[in-house]
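In what comes next, chain A is part of two complexes: it sits with chain B in the first one and with chain C in the second one.
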Partner chain A sequence: MADQRKSCLTGKGVTKEFGFGRTKTVAVDNVDFDFKEGEVISIVGESGSGKTTLAKMLLGLISVTKGDIYFQGEPRDISSQRKRRTYWTQIQAIFQDPFASYNIFNKIDSVLLDCIKMRGGARLPYEQKVEMMTEACSFVNLKFAELTNKYPFELSGGQQQRLMIARIFLLKPKVLIADEPTSMIDACSRATILDMLMSLRNEVGMTPIFITHDIGLAYYVSDTVYIMEKGKFVESGSADDVILRPQQPYTKRLINDVPKIYEEWDLSTV
Partner chain B sequence: MLEVRELTTKYITRFKEDIYAVDHVSLKIEEGRSLGIAGESGCGKSTLALSLMGYYFPPLHYTSGDIIIDGTNISGMKADDVRKSILGREIAYIPQAALNALNPTQKIIRFIEDVVKAHDPTVTKDEIYEMARGLFESLGLPAEVLQKYPVELSGGMKQRTVIAISVILRPQVLIADEPSSALDVTSQKMVIKMLRNLMDNGYVKAMIFITHELPLLYNVTDDIMVMYAGQIVEKAPAHEAVFDPLHPYSKGLMGSIIVPEEGLRDVKLAAIPGTPPNLKNPPKGCRFAARCKYVRPECRVQSIQLRELENGRSYRCVIGEDELRELYAREAE
Partner chain C sequence: MKYTIQQIFQSGKFITGFSIFMTILLIVIIYPLVIPDPPLKIIAQGTFFEPGIYVNVYDSINTPFYTLNLDEAADRRIANRLGDEDRQAIKEWLVGNGMPEAEIDPANTEQLLDQWFNNFDPTVRLPGMTNADRNYYIRLNNNIQGLLNTSGAVIAELDEETAVLTEKATVPQSAYVNVNDVPNVRVLPLGTDNFGRDVLTELVRATGVSLQIGLVAGSIATLIGLVLGLVSGYIGGFVDDTIMFVTNLFTVIPSFVLLILISFSISQEQRGATTIAVVIGFTSWVWTARAVRSQVISLRNRDHVNLSKLSGHSITHIIVRDILPYIASYVVMALILQISSGILAEAGLSILGLGPKTTDVPTLGLMMNWAMIYQAHILGKWWAYFPIIITIALIAFSMNLMNTGLDQVFNPALRD
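Entry: the complex of A and B
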């Protein structure tokens, strides 16, 4: 039976090469995918497997060497600055390093005001903007009144991470790419962040794509898991199939290398 | 081996505010044992590591307490003397961002020469090379690494190299601060295997391992200590800390572990609402009270003492251990 859900992001033969000749690296190698609307997706792979490179192509931050990307069934068009801006109201990202997501010279209120502007709210009365920012901050357990006039780097790591989610709350994109959103934070804050992302998903109906080497996280949050090895998707399917019944040796190894609690963790395999 | 009694240290910020990031912490590590330190970001884990080496430089200041290494109290020592006679020899410290701390224009072997010569200027380069080669090979690292620049190494290899360098002077105690958090699972496993090797083969006699990855702590250390807002809230053997936590914060922490095992998708992760208190003016009573499900009026009256249990465990809460277990059991239903 064909999948009835609407396609959100589709890729055919997507490839990214860096460099030329002897120094050429094929970071993403001819991958096909069809992410459905509303589905939670994880892309899992080792360091250097090409996850961030794929994310940047999906976001339109770097060019695609070969292949095509479709957004909601149509070929994606980001050929002009204007079209790119429109695309970015639909697809947004949270990165590994919270710092990378902010212009560090902008105070926090202007970071949030920018989001309102991107959604076409530049002309709204100031009181209404404050109301929106206050709502976004309280969604992530931050107090807007305490943040005005501060710079993002004056916040703790956990607060920065939550501020990023407040941005997404205002932007309400169709797709959210989260590149290692929780790798630098403790387990407890991780649970909080995931809860926030998932309730945001229900609220605004976005399609989250998690990029991670945390297989536990991928298993916990996602419907569909893609396993990436050296630029290729070597295995994909429902989270239960891929994580509990992996077929590929690479997937088996990744799962085997996760520290275990309920069973013996075999250190002899590395 | 290493004993810390009631250690308190603070940061003095540029606004002249005191931040007590380590508050009356006591701990003891016996030879052959390893201790894991877990806790939320900002709870003082890295500060504790710096503090218990006696290595103070502004804005971090020593306030009170004793640090006893191999029978010698080093708590009053000057930072310079600590660097000469303690660091590297007695205690080796691998800082949190060690991966990026390596000077990119220096070959690995040059670092090792610097480290060794700082302690003994009479050793020759050839002797150092032989020493380093022996150490690297016994730890399963190829000797070629010595001739490489840091940028030529992958993240995992760089981290293992940093660890190998840190034990070249055969320190008694190794403190590793988040040594594997930025690595993927396979590299992480290699780092863990190496740390275990160091202990098993007697390269170091005791180890402190700091991480927020609880499954890792569980697999590496004998005991686990949980910190919250500058204080110890629980100390227990690893298995008990994970499977029978007592303090409500540790309980929450252990409830947020995710492992890719069947059934995980049906449980709800236990996120703890709220945020930790500001260490500038922490609350008078229990520091966790504002976020605790089981909070009682007496929690907010005065500071809560650590309770020592007979089996060597301890925790900081007004509620008795059996009552806590009962509360948790009822919750689980």
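Entry: the complex of A and C
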């Protein structure tokens, strides 16, 4: 039976190679995928498996060595600055390290104003812009009045990541790629961030793609899970299938690596 | 930003370098206001006048005298006029006349003259003495007697028609003039150079010109290097390959050789200070370009740049707003280094005789060149080259200090 849901991102034989000759690394190796609209997708793999590289290709931030990427069923065209801009109104990202994600010379206001501009709101009266920014900030439990004229690095890591979500709130993209959005922050803010992302998903109706090395997190949030090993997807399917009935030894290892609170820890594998 | 500037001014090295540099700059600006002489004007007839205060003799005579009876005056006068050779001759005569050598001290004028007057006898003929020697001693004796003369000098006026000298006044030996009364006194703290120009005035102007050359050359080099580095680093691909090809060409040929060749091919008449500065600038951007490029390459894949792309910003916006500020401190440091090496490059060129033309303005390099051609170093005329070396060294030193200071602020890893 053919899947009736619309595709949002599709890849055929997507490959990324860095360098050439003897220094060549194949970061992403001939992967096929079909991300459906409305699903929560997770890409799980250990460090160096090529998750970030794949994410950057999906975002159009780096070129694709081989293969094709389709956006909403159409071949993706990002050949000019104007087309890329249009593409980026529909696909957005949250990066791993909040401290490296902001230009340290720009104030928080300008980060948020850029998003309003991107949505075509450049000419709106300033009061309305402030209203929009205030709304976005309060969505992530921040007070815009306290943030205005401050720099992002003056915030804590969790607050910076929340500001990143406020950005997405303003941009309302179709797809959000979240590259380990919680790996740099403490467990407590982690749950908050994830909850905010999930409620944002309901609010703007976007397709989130979580990239993570934490298979527990993937199980907690996602419908479909892709397991990535050394640049290849080794297993994919619904979260229940993949995580409760793993077929591949790599997947089993990833699952076993998650420390269980009620069992004694085997520190030799950590 | 404000915080960084505060930090910069807390760095001891930077402040030291900055103060030295500012002092030099202030002197360059203020000196011409106080002494507005043209720096290349030849004022002295003759070469290499020693540093000192030059009092006009004619004016001194026409200035009211004051009588000061000072005990040492006569001794000083004699001591000053009795040359080393004469003292040595006196000593030889006395020794030849049978005085123990240990008792004679040629430096002690009073004792020496005492010994001379008590012992000298023109009729005595010492063993081994020629007639010429004897005459020399008689003449020396007369000279010394003349020195001891206490009558004043006569000032006479020449009658144009009859050629008769009429005595106008006598200047007694105890006559003094107050320097403040003499209308023409010229202080030459660094003497004059081989052409008879005031070295200090020339040096101040030369420092100013050299700083300008450094600034122009440094700005051009930094600007070219910055733009090429940014474009080549950020855009990459074919553009990068092309720019790096040119850069590598420039790297393989040492820039100073290139500089010499270019300067050589411009005729002396067309080589103004600005031309030289521009030529220096155009041959020394290579390292800035390389350094900026590698910085940009490490920056262009950072997440804040990615975020800026995702916010729909154009390449220009990203280069100017997301890359440039991150390397700004680095560029400032490169600029300072380029300015100081521009000054040195001009000096090097001028010493080789390929500097700016010599009739316009002095530069530090040209002054070194003149001192060298006229052999100031061999003749021991230190004032014609030593102050210039010191100035060049001070400029380079202060700029390097500022640079190290900045480096410590911008790279916390270097702080001690």
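Following the convention adopted for this analysis, the second predicted complex is superposed on the first by the 260 of 270 C-alpha atoms of A that agree within 3 Å, B and C clash if a C-alpha of one lies under 4 Å from a C-alpha of the other, contacts with A are read in each partner's own complex, and residues count from 1 in each chain.
Here is the rule we go by: a contact is a pair of C-beta atoms (placed from the backbone, for glycine too) under 8 Å apart; a residue touches a chain by one contact, two chains touch by 3 or more.
This one's a predicted model, so the numbers in the text were calculated from it and none came from an experiment.
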item: Fit or clash - chain C, chain B, common chain A; value: fit
item: First (chain B), second (chain C), both or neither touched by A:Gln92; value: second
item: Chain A: partner with more touched residues, chain B or chain C; value: B
item: Partner chain(s) touched by A:Glu17 [first = chain B, second = chain C, both, neither]; value: neither
item: Which superposed partner A:Glu39 touches (first chain B, second chain C, both, neither); value: neither
item: Touching partner for A:Asn106 - first (chain B), second (chain C), both, neither; value: second
item: First (chain B), second (chain C), both or neither touched by A:Ser47; value: first
item: Contacts of A:Gln81 with chain B and chain C, given as first, second, both or neither; value: second
item: Chain B versus chain C as contact partner of A:Leu244, first or second or both or neither; value: first
item: Nearest-approach distance, in Å, of chain C Cα atoms to those of chain B in the combined model; value: 10
item: Those residues of chain A which chain B touches in one complex and chain C touches in the other; value: none
item: Touching residues (chain side chain A, partner chain C) in the complex; value: 56, 59, 61, 81, 84-85, 88-89, 92-93, 95-97, 100-106, 111, 114-115, 117-118
item: Chain B - residues contacting chain A, complex; value: 38-42, 154-156, 181-190, 192-193, 196, 212-216, 218-219, 242, 252-253, 256-262, 264-265, 269-275
item: Contact footprint of chain B on chain A as seen in their complex; value: 46-48, 141, 156-159, 183-192, 194-195, 213-220, 239-240, 243-244, 253-255, 257-263, 265, 267, 269-270
item: Residue ranges of chain C touching chain A (in the complex, touch as defined); value: 302-304, 306-315, 321-322, 325-326
